[in-house]
Amino acid sequence: MFSPAINRFLDACLDEDIGRGDLTSAVLRGRRGSAYLIAKQSGVLCGALLAQRIFQRLDSGIKARLLVAEGSQLVEGQRFLELEGPATALVAGERTALNLVMRLSGIATATAALVAVLEGTGVKLADTRKTSPGLRVFEKYAFQCGGGVNHRLGLDDAAMLKENHLAWVGVDIEDALKAVRNSAPWPIRVIVEAETFEQAQEAVKAGADGVLLDEIAPTDLKILVPKLRKLAKIQNNSVKSGQVVLEASGVDVRDLSAYAATGIDMISTSVPVTRSPWLDMSMRFDLSE
Amino acid sequence: MFSPAINRFLDACLDEDIGRGDLTSAVLRGRRGSAYLIAKQSGVLCGALLAQRIFQRLDSGIKARLLVAEGSQLVEGQRFLELEGPATALVAGERTALNLVMRLSGIATATAALVAVLEGTGVKLADTRKTSPGLRVFEKYAFQCGGGVNHRLGLDDAAMLKENHLAWVGVDIEDALKAVRNSAPWPIRVIVEAETFEQAQEAVKAGADGVLLDEIAPTDLKILVPKLRKLAKIQNNSVKSGQVVLEASGVDVRDLSAYAATGIDMISTSVPVTRSPWLDMSMRFDLSE
Amino acid sequence: MFSPAINRFLDACLDEDIGRGDLTSAVLRGRRGSAYLIAKQSGVLCGALLAQRIFQRLDSGIKARLLVAEGSQLVEGQRFLELEGPATALVAGERTALNLVMRLSGIATATAALVAVLEGTGVKLADTRKTSPGLRVFEKYAFQCGGGVNHRLGLDDAAMLKENHLAWVGVDIEDALKAVRNSAPWPIRVIVEAETFEQAQEAVKAGADGVLLDEIAPTDLKILVPKLRKLAKIQNNSVKSGQVVLEASGVDVRDLSAYAATGIDMISTSVPVTRSPWLDMSMRFDLSE
Amino acid sequence: MFSPAINRFLDACLDEDIGRGDLTSAVLRGRRGSAYLIAKQSGVLCGALLAQRIFQRLDSGIKARLLVAEGSQLVEGQRFLELEGPATALVAGERTALNLVMRLSGIATATAALVAVLEGTGVKLADTRKTSPGLRVFEKYAFQCGGGVNHRLGLDDAAMLKENHLAWVGVDIEDALKAVRNSAPWPIRVIVEAETFEQAQEAVKAGADGVLLDEIAPTDLKILVPKLRKLAKIQNNSVKSGQVVLEASGVDVRDLSAYAATGIDMISTSVPVTRSPWLDMSMRFDLSE
Amino acid sequence: MFSPAINRFLDACLDEDIGRGDLTSAVLRGRRGSAYLIAKQSGVLCGALLAQRIFQRLDSGIKARLLVAEGSQLVEGQRFLELEGPATALVAGERTALNLVMRLSGIATATAALVAVLEGTGVKLADTRKTSPGLRVFEKYAFQCGGGVNHRLGLDDAAMLKENHLAWVGVDIEDALKAVRNSAPWPIRVIVEAETFEQAQEAVKAGADGVLLDEIAPTDLKILVPKLRKLAKIQNNSVKSGQVVLEASGVDVRDLSAYAATGIDMISTSVPVTRSPWLDMSMRFDLSE
Amino acid sequence: MFSPAINRFLDACLDEDIGRGDLTSAVLRGRRGSAYLIAKQSGVLCGALLAQRIFQRLDSGIKARLLVAEGSQLVEGQRFLELEGPATALVAGERTALNLVMRLSGIATATAALVAVLEGTGVKLADTRKTSPGLRVFEKYAFQCGGGVNHRLGLDDAAMLKENHLAWVGVDIEDALKAVRNSAPWPIRVIVEAETFEQAQEAVKAGADGVLLDEIAPTDLKILVPKLRKLAKIQNNSVKSGQVVLEASGVDVRDLSAYAATGIDMISTSVPVTRSPWLDMSMRFDLSE
């Protein structure tokens, strides 16, 4: 199901490339053709559903058939989307569709590689709000396609008290947490970012739903995590929020295993979004038809 | 000068993050503060002008002062944008502004590294249409900030005949080129993508404004380029378009120097856009105020 | 802080009333004037901040001063917003501004009346997704101004498994809950709507973050609630989500006190949104100036 | 016929509820189902055509069949819209569709109740510009579905000189009326709001197309109306506009009959829009399929 | 007062010309300058207010001063708008501002020439709905600036029964007129287009607010008009709408005087919109600064 | 192929006319009908494809069949578009569709008349950026339908150094040209506007891609053009851009033949856009069905 907002976004992407019109398509007017999208390297497919819709937004007469399910592992040379329709529309949608599916598959592939490291540990990999402006929902979707877990999608589906919030207002964590809970919708979870043992403990005592332990070494976390769990258990009887989710951030991804061994619930990282290459793909035109 | 379209885009980026409202800002209501953006690693600054405007779109009362010019080399720890205004707006704009300036500075930095390789050769580095959907003008701007040259921005500011155009219509390059010139605005250049010696020569004979030599090895290019130059000189008297721009694409960036030595005019690459990490930056809040 | 989305919404409201231009304003061209908004009956003020912004969107030269804080109790005849500027703009913004502030103050006032009934019980009043299309964030804001607590704002900031979800897929609550948790961002709470004792117990056992007890009589709830609490305590050691929020819905507001006495955490109701009259207000023009 | 503007509005309503995606629909992916909308209390149906279109905007594959004509009287339990399609889309459109049809049917039902009081009197019931921001055309349509007559829809389809226009410019009614007529399109009617006998008479003499008699008691109106009719007849020979429409406003709806007996043409009221409860309805999912 | 819709329209016009950025402005970066708009031929000024706003939308730092009131007669060489600000913005707004003010002043000038022919006859010149798509309100405003009277601005501010409406439904004028009045807002006037004596008479009898006499020769109109006036007087006692406005359309503008002598109230024509040349103007840059 | 931007534009045109709804269509509800568009005078057809799409945007159930290809010569009375569908939609789209096709066919017809004058001379007729705001791509398309060649479509698909650019920055043509080339995408052509022999020569020497010779008499051009050609030939060996396009502007269209005889490549004119009448057309309703 595509929300109207997603349709509008795909339209805007097409308009960005087409501008005042595809000048080269003059030679193709009136022709029909077929084509397919193909992976030029192996990786996790993500965004093929969007690529399919991009062509259909351009011309509702285009037939577009998905050959591989979103989130599947692609091998080099594998076709994943077949197209048939007016040649001008196929050519005009090519770059926009490829750009989106290559970008998202790149993120999904990079995420899957990190998730593989955590396999069997029970620790989850979460993303962040570091995403390309305008592409938040899509890049988060790619992270999920790669086996990761989404963190909040915006400033409005979870609250997170950070260093700067606390420093600026000059209140302690408990008061800040109460202030946020009082104005947020009740199902909203409130997370506290902690940079020290003391802050982390204060956050758990105050009943935070999650504590984000930022830039704390695995060796230190190993000591801190059990303390926080114990504290949470004690709090559990008197404070509303129940068990706390402990999350490590500011993590060098080469140390994932070390972090996973600390007893943490989750490791959040922007790496698959901010440092992954696109997955190479191309669109081939079928001359036999 | 910001076109209305750019203002609307920045608004959309803010709305993407803020959604139905910043839930955490409850603790900051009524406070004012100051902050600055800072580089956490060295690189080329790009997008600070946009970051500045993002905050001003959110609240016209925010004072935002650029400390470093766009395109400058930043050193680790360097501040480049100072802000002062309502705390809620500073916090609400933080992620959106950082995401844009980090992404664009990452591209500019990666571009600059490749441009440095070409220094003194007279060969230019050009970008492609492989850009994140919705961010075309910004990512192209970043490529330019890094010292690269922009290729066409869309399907409407230059024409490019590709393999598939030619194959589909079954006409030769000369006829296709004429068809495009007949319908395009006269100042539009027409480029032909060639994958073989024969295609390249045919394109030059037909008076193409540029020939994109795709996936041809440097050793082969060294032979081909002078031939095409000679051909172009002969054509020059009879054909309208004059001298042809020769461009290599499908290049492994580790071979940049070898390509530069072939006599080519330009090397186009998507690498700084599709494979570069974001430049690390952050926003610090000034507690002294 | 107004997000760009809110500014655009206020613009759309103005355009809805002004259409192709205010025909009557011909007589006012070139005049300046002052005016104020006034309550014609007592109630809770909500939306004056939006009314202020409406006038400023129409003409940035309008001075608009709030005299009363949002959420305050207004007495009949009390002025709450003073305006000064071009007469044509004051008149053109009048109806749009009044419609918004009257509607929202009506909701806030009705909410406050119900919240008063619950005072001292510790039970909270929550709203629903039954809101006027297009006005969701504003009507939810009004509910909060009246002392209520917001429930989820949309389909994306909390999950709620309803009868129909379960019936259609033919899985039990536990499996459905897992499926939702697996794809939702981790901070998202999952609520289960229960219409029977069995469903409610199954939901708690499955680790739901909240159980919405729909159309269950207070006398029955009094028996059910302690059982669910006990069950939750047992679950607490083995299931991630911790304590469960118990919410009654489908409540006749005349029975609020009876429901509050059942030990429930929260009562959700659409009544202040779907059944409240607007608060009567008007805009007066100051002839002395 | 739906104008593009209406389609865009319905899209915006869907996006408001769906936000970044329906989190609960994960359990329904790939399923199809059927459902129907049903009245939970009797009243006048209004907005079912819009509800039908809402589902079709979300997924063009949804089959939606209206069982009852707009404006019909519904009995409790009556089905009025049948749906069949992908389960995720049916569930995602449910709340938006219901909110619109419940709100509009509430207005239509409340209007019909007042119109019934006027039956046989020849006096019409008109609405006002007091409508929920963003919903003007829909709420006015509901008023009409309930048997009422629409007053002007905005500031641009009729002109109305109010107290404040006259006071501010310091001209008499005749001059103001001329000024408006001179700049308005010729088919535009000009109405004058009168709060006293003198103003009403002046308005008629000046050739107003309508006089809105605001907050004048029925007993006074009974004297005033015939005088104005007589005056209008005299004017009829010399002034362009012809017969004047006399309208009472500021009316307590409990006094409708008394007002109807004054000889007035029309009574305008915002009550069905600003004070009516939503008509209770729900969407049921058909498990047998 | 500019409605938000007008601001958005001006933004769209700027974006249409600027596209992905003004390529030539590279040479002007950082410079400030002054300029003025000037008439290169005499005519009626219209749209200078919009030109002023266009520059201000592009850069709020531009100072723009109107030297001549809208609707004034300009002489060749006369300056009407002075500008001062960043050179890049002045140059980027030039073409858009000129295109609008030249087009509108062309219409105003052509309208004024026809209105001059009717001077002293008491007959008004009205426009039509034949306007450039997207420019309706502006071209109608220009018609008014030239001394003309606006006819309805769209399908929603007056109703007009045309030949095709009547033929298709197979009802007589009286029934059709009633049907329209029953569903239209009460202040809406209903006009009937008549192509024969019989239709015109039927329309008057049925109480039409206006009759549009299409393609009827002046000699025939001279006979018809008095008959219709007489008929209208008789109708006046029994029918609601009062006096009828008689309008000639399908008029060759060379015959304006002959039509004016028929006793008609109004002549409607699309000529100033569909056949007028733009008024020549240009923007000059002041080198002394 | 229609880009999403074009669909949105056509929607906006429909909304402009329909506004809050077509009041007259009440009489047509539920009827179906057929109709056709017809030329009332001979000329070149342009915009019928857009007219067809306009009806389909309003109601996807309308069948619309083009009878004549875009750019064809129409004779008086010729039908070019057949329609069948709901009567309300046919009537609601009528004016918008006609306005667009009449305006564009008027431009195409006027262009064709001028192009005919140049026939056999090898000189091309180019348009300008003087186009109705909002209609740029459509009016340029009409110019091409009439046999003309499009000049740049905006400020971003070619660069043009004008008098004011040069004067303001105080640099010579060569430096300005370099500055523009350095920041523009490489395929962008740079044109220089010259008002004197000296400027023209300097432009050619500097390697301009085109020189626009503004308001230079044919007798002078006859001397200047060969000089510039010779200069270009010399430059050809050392400067990148190759042969220069020489274009005359500021031309009185009565002198087209004289200009064509000067050896110029192209004559640019805004006359078909700024001075052409609309081509008369109408929509007829087929009563037999």
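As written, the chain order gives the labels A, B, C, D, E and F, with residue 1 at the start of each chain.
Operating definition for what follows: a residue touches a chain if its C-beta (ideal position, glycine included) is under 8 Å from a C-beta of that chain, and two chains touch if they have at least 3 such contacts.
These numbers come from a predicted model, not from an experiment.
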Chains touching both chain C and chain E, listed by label: A, B, D, F
If a chain touches chain A and chain E alike, it appears here: B, C, D, F
Of all other chains, the one whose Cα centre sits farthest from chain B: D
Length of the line joining the C-alpha centres of chain B and chain F, rounded to whole Å: 30
Inter-centroid spacing, chain F versus chain D (mean Cα positions, whole Å): 45
Centroid spacing, where centroids are CA-atom means, of chain C and chain D in whole angstrom: 24
Chain E residues counted as touching two or more neighbouring chains: 12, 18-22, 25, 92, 136, 153-154, 156-158, 183-184, 188
Arrangement of touching chains [line / ring / star / complete / other]: complete
Residues of chain F that touch chain E when the two form their complex: 9, 12-13, 16-28, 31, 33, 35, 87, 91-92, 95-96, 98-100, 102-103, 106, 129-136, 153-162, 164-165, 167-169, 171, 176, 179-180, 182-185, 188, 274-275, 277-278, 285, 287
List of chain E residues in touch with chain B within their complex: 11-12, 14-15, 18, 20-22, 25, 57-59, 86, 88-89, 92
Residue ranges of chain D in contact with chain B within the complex: 19-20
Chain E - residues contacting chain C, complex: 1, 3-5, 8, 136-137, 153-154, 157
Contacting residues of chain C [partner chain A, same complex]: 124, 126, 140, 144, 149-153, 156-158, 183-189, 191, 209-210, 236, 240-243, 245, 266
